[in-house]
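Have a look at the structure below before the remarks.
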Amino acid sequence: MKYPEFLRKLKRGPQVILPKDFGMIAAFTCVGHESVCVDAGSGSGWLACMLGNICKKAVSYEWREDFAEIARKNAERAGLKNVEVKVKDVFAGIDEQDVDLVVLDLADAEKAVAHAYAALKKGGSLVGYLPHAEQVQKFVAACKESGFKEEEIFTIENMVREMLVRERGFRPDTKGLWHTGYLTFAKK
Amino acid sequence: MKYPEFLRKLKRGPQVILPKDFGMIAAFTCVGHESVCVDAGSGSGWLACMLGNICKKAVSYEWREDFAEIARKNAERAGLKNVEVKVKDVFAGIDEQDVDLVVLDLADAEKAVAHAYAALKKGGSLVGYLPHAEQVQKFVAACKESGFKEEEIFTIENMVREMLVRERGFRPDTKGLWHTGYLTFAKK
Amino acid sequence: MKYPEFLRKLKRGPQVILPKDFGMIAAFTCVGHESVCVDAGSGSGWLACMLGNICKKAVSYEWREDFAEIARKNAERAGLKNVEVKVKDVFAGIDEQDVDLVVLDLADAEKAVAHAYAALKKGGSLVGYLPHAEQVQKFVAACKESGFKEEEIFTIENMVREMLVRERGFRPDTKGLWHTGYLTFAKK
Amino acid sequence: MKYPEFLRKLKRGPQVILPKDFGMIAAFTCVGHESVCVDAGSGSGWLACMLGNICKKAVSYEWREDFAEIARKNAERAGLKNVEVKVKDVFAGIDEQDVDLVVLDLADAEKAVAHAYAALKKGGSLVGYLPHAEQVQKFVAACKESGFKEEEIFTIENMVREMLVRERGFRPDTKGLWHTGYLTFAKK
């Protein structure tokens, strides 16, 4: 597997959301040209950049100044002017209104779900990216409590593996990545 | 799993590329605001619409007039003016030049690889969406012959399953989708 | 996928442990000719029969008289004289001593873990077959509390899918089984 | 994941069949107390030992004297007297008659399929363990040509991953094994 040119320009500091997971977010929310997205925390800003690349605007919350700086530099490297990195604690609230997508990729994400609900427009999507089953349970419970439509909440796991395509034969690679995080989708 | 609002507006006629596979294409090529994409065959035009939603322009080749009509209607339903559906055989060549992405989703895709190479800009991506191992072998061979960089060719399989998150417990769904197509990426 | 002749003779009443999961139990415990196994609950007795087929003795606990009868008949159909089905609540204790394997396939399995520990010989294996993450957590906690070696406790998921091997190509089947239960192994 | 005590005694020299794959063979053929099995090539003899542990007799073919010696020593370490390792080329034929199971784990396995058919009893099983799609195609074709029942031939892939069950949460392990070999089953 090779990262696209776009990502090769970026530095990889703190934890990043991988292309495969960005792909699921893009696909199951269908954000696009007109969409405004918020994500927290920024980490290295990869997700903000990938969203900025396909959307009108991407705002990224990160309370650590040093990480925010990495994310900002990455947006510059990607040549994106529509990515804004805010040094701010998402648990204190989201400034933006009527956004199309909020992605929460941080511990205790469930505590920011009500803020996400407040920031989203009707029909907008919330995504939680969480590695553990117990976190997903809490996140889903918070979504229901905050008013997200129960019948629209779902959680997926996506497993991407490389296939070796050689003259001596076609086969999956022997070893590889089995898990990053579960992705939970909710809709306002 | 629920389709996003964007896709619920579309009709599902002939074979479609599913969100999970569109997500991989978006993620591993990082097409965006400025990108021009070509895909063939259109089928119901879902891929063209999903690409049109995040890119500058999406051109879709379909030799069957009836399918092309379905795809065109779907682009209208999606409110996309940057999606063009051409009733044309992709095996006869691609009109566009300097495009960022060509996606081939049709039998004998390997026979259109040289046309894709000709249409792509330097650094542009070709994606083959093929269900069978033997097709992937032929496609990869055609990529090498047509001049795509060998070290940038790779093939993935992505398996997406739903997790059931209920009060009585967290678990994967019992049954579900195991395979759509393998995705092969090549770079000019 | 086809069941082996051995299983085709058996009736399928209440929930059964599938061949793929029996296979993992056989493989990761390596019970054999000289082994004595206990399982609870019997369900249709498939696991007891498959264990009886490779071990010296298999004793199966089932508190429902009607299920026990189905399991007994299945052992007869399989021509096994070393399978004993007891109408007994495993939560009240296990009569056997120095057994090589105990498999718990029932709700609240964690409540029978201490009984399993008491019944096992040193070096013997306990297996918990549980569909939900939360059940696995409780089961693992009970194993640690009951004296099973912490460094030998592990949990696996096994996903078996069918590959279609046809003249028109090799590919995974489109749909299929994604989840039965997680398997937790512990060692006395 | 931990290997069972039984396997920890064995040396690991040339390529071995892993417990997960032995488990599938045991489960989908249901060999047991009364069964006679043949496998080729022996490699380190792990499969022969695991089969010997649950069956009446296991005969293992290996043309390399040095590998055969490793396999023999492993059978001794396992304390198995019913495992016989023959220094013989399986492509020259199988001596045994009316066997219950033949497992072929070697390159060009399709060339030994007719010998396997000749050695098996009616209702007996052939298993091919092959890493590549193209090998599986050839193997399945050879099974059909040799007289195995077409409707009983099937191929599976089994993916086993470890789940991390910790106080801070339940999740799949990040990385791990994705592929060993495809398993093809045929029945006489």
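Details
Letters A, B, C and D mark the chains as written, and numbering starts fresh at 1 in each.
Note that in this section a residue touches a chain if its C-beta (ideal position, glycine included) is under 8 Å from a C-beta of that chain, and two chains touch if they have at least 3 such contacts.
All values derive from a computational prediction rather than experimental measurement.
More contacting C-beta pairs link the chains of C-D than the other of the two pairs B-C and C-D.
On a Cα centroid basis, the chain most remote from chain A in this structure is D. At the interface between chain A and chain B, two copies of one sequence, more than half of the residue numbers in use appear on both sides, so the contact is built from largely the same positions. With each centre defined as the average position of its C-alpha atoms, the distance from chain B to chain C rounds to 44 Å.
The geometric centre of chain C is 22 Å away from that of chain D, both derived from CA atoms.
Counting only residues that touch two or more partner chains, chain A has 133-134, 161, 170, 172. Interface residues of chain D, counted against chain C in their complex, comprise 1-7, 19-20, 22-33, 50, 53-55, 123, 125, 133-134, 136-137, 140, 152-165, 170, 172, 182, 184-185, 187. The residues of chain A lying in touch with chain D in their complex are 131-135, 161, 168-180.
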